[in-house]
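Encoded as structure tokens, the structure appears first; notes follow it.
To keep things simple, chains are lettered A, B and C as they appear, and every chain counts its residues starting from 1.
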């Protein structure tokens, strides 16, 4: 295989992984914008989506096209429950406290999945066949295209939701200034709940759509969560387009460095990138969202 | 006549831009030793920006700040205390988790020398130094009238007492120049009088004072010299009488509520 | 904290520490003594993390990395290169401190989340190195054949002997921490943990102190690592991954960040809880996560606050009136 083809192959698979990172990053951004906190449970929601969908398909025998929405909705409910039980009761919700609490939620979620669905890895069939798709001299599994399609759809929907709908704008208002939003009649608490729900749903979709490629298991969420977070930081935490840019870029960096340099330290790439961003440009490539305080 | 011809603080051609916004434009003035100088101006005039640059929280875009003729505008805040400048905060940055006396002792940090090794090993020099710090801090508290509250938690003080604590804390480093950020803000009349007396007393002991203030009565009452700013520029500088009559100042304040009763 | 409070803590600590000496005699079996050793080792970790976070105001999610660096460097030097464990430990502590200094310089300029995630990223990188540098570290299966410590021919292997040795080391670390807090620098640290701007304006060299504190606490974590590796003669990368750092932070928060006795309780929880819940396998983790949430919800000052070992913090993060406005907005049907 000539050099160009190798690069192409690496880039394509990196693009697919990047799609997942972008979705996870989007989840982080949504919660960050509404609470200023880092949601450690995000990765676990991704895992839960895949695990629940796989369980429904294999153990309950439900058809593929139903497990996707049911799995996603189940995790949305999980996200809502997490927020209502663990975050909402806080009288003074500082970001650090919320972040710590999401650690508890993450631990509990991971344990709950392990207890109910077992430790064994689970899989889903590819959505539309497994014959590799050829692009030039490179080949990718068709599921990768599903990943990219999901990413594109979610990004567009999210953009539309936050920019064009009243609810989306209300959520942004509540994120920008809790007290001011409350004063104009926005139910801030429920905005935060909705943010958690949307983040959970997005995460679940990511988890479901990647499971046919990588399989999933109860401990798959932790690393994935952190890489998604690195992607979010890379693009700019809270920035609506940062998730896309950061995710894709991180996926490409990971894939290219693993293929061209060494695959042994592949997992470290995401964290080296994170450190680099933090030291050199903490606001990320596209800059942080939110009002800058003078 | 004393031969104190050299100013203690000299500001030359100071400018500060934030992106496209010019907060301070080509400002020059000086503060003579032993003087009480007030900086006044409507909201947004640039007083806070000027104060931040004097205290080292911000760096000027252009221009110089000189202390005794030596440039200090690049010194970080903690170095400025070493050269004799101390400040209070308008929004009161009291160390709430510590006692009143401990707050003041922090103010005296630059007068001590022990570092981490000294601390970890509890070397004898450190113990002696701590005794000195404690005594000097008690003296500073007595000077502002909070001596009897020394061991109380700082969080328990009233607003007026916290303002006094800020001054005691600033005085603990034995500064030559005291920078006061709206000392009267939020105070009732009686407490304003108390702070006013305190400032005059400290000035009487030779401390130079520069204050940013809205309360005109206080300003007129204690200042030897007043600098008026508007839109980041100097519009007038002089004695209370001169400022009171200056047309530019009157225009800037036209309709404002700043003549506090 | 008043000056008298420091003196009280010293006396209370001295009495408590003397009492701890009796533990091996009271323990019913060597396994329990071993738990005691782990309590001592974890106390160093948690007390130093508490110092960094509670008194220095810095978040660190890299504490486990320095724990691991201490363990692995000393372990590798003594297991693979035949270096005396004492020298190996010394080298490990110095190296960890140096690495901490290098990391601190860019990292401590960051605040809040950024600082937390930078430290976490660092921990993750170090973890990957522990796993991938197989030639040195033994890879995912761990480092074996690490020798025990020996003092003038007197072996410090075995639970009881090592307990007494660890008792000395941990005692020294706690005394150092107490000394630091009750000093000019300690006061400056407590000030900067409340308000860095104010402390700097009072003459405290904030950045320099933050770096020094970070390096000191990293060195302490490395000491714990050396104790650990020469006690169980083994090291595995899982013990030092970022989840471990997260757990340490969580347990310190549970015990009460910024309190003196918090870490003692935290270490007890850290060591004792898995034992108590051992019967319930996965449930223990679920319960841990859930109880963490509950404790943080109702007792933000942690266990030490609950047991009145320290008065509740009086500063709310949202002004009460603003919080009430937010609550009112939720009354709509």
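Heads up, the rule we're going with is that contacts are C-beta pairs under 8 Å (C-beta built on N, C-alpha and C of every residue); 3 or more make two chains touch, one makes a residue touch a chain.
Treat the numbers as computed from the prediction; the structure is a model and nothing was measured.
Student: Give me the two chains with the most inter-chain contact pairs.
Tutor: Max contact pairs: A-C.
Student: Taking each chain's centre as the mean of its C-alpha atoms, give the chain farthest from chain B.
Tutor: A
Student: Determine the centre-to-centre distance between chain B and chain C, using the mean Cα coordinates as centres, and give it in whole Å.
Tutor: Result: the chain centres lie 40 Å from each other.
Student: Nearest whole angstrom, what separates the Cα centre of chain A from the Cα centre of chain C?
Tutor: 31
Student: How many angstrom between the C-alpha centroids of chain B and chain A?
Tutor: It comes to 50 Å between the two C-alpha centres.
Student: Could you tell me which residues belong to chain B and also touch two or more other chains?
Tutor: none
Student: Quick one: which residues in chain C touch 2 or more of the other chains?
Tutor: Touching at least two other chains: none.
Student: Quick check: in the complex, which residue numbers of chain C touch chain B?
Tutor: Result: residues 1-2, 176, 179-180, 183-188, 190-191, 193-195, 197-206, 212-213, 216, 258, 313-315 of chain C touch chain B.
Student: Within their complex, state which residues of chain A touch chain C.
Tutor: The contact residues of chain A facing chain C are 38, 40, 85-86, 89-97, 99-101, 103-112, 114-115, 178-179, 181-183, 185-190, 222, 226, 229-230, 233, 237, 264-265, 267-268, 270-272, 274-275, 278-279, 282.
Student: Where on chain B does chain C make contact in their complex?
Tutor: Per the stated touch rule, the residues are 55-57, 76-78, 81-82, 86-87, 89, 93-99, 102-103, 105-107, 109-110, 112, 114-116, 118-122, 126, 129-130, 133, 151, 155, 169, 173.
Student: Okay, in this complex, where on chain C does chain A touch?
Tutor: It is residues 59, 106-107, 110, 112-114, 116-118, 120-122, 124-125, 128-129, 132, 242-243, 246, 249-250, 253, 282-283, 285-286, 288-293, 296-297, 300, 316-318, 322-323, 325-330, 332 of chain C that touch chain A.
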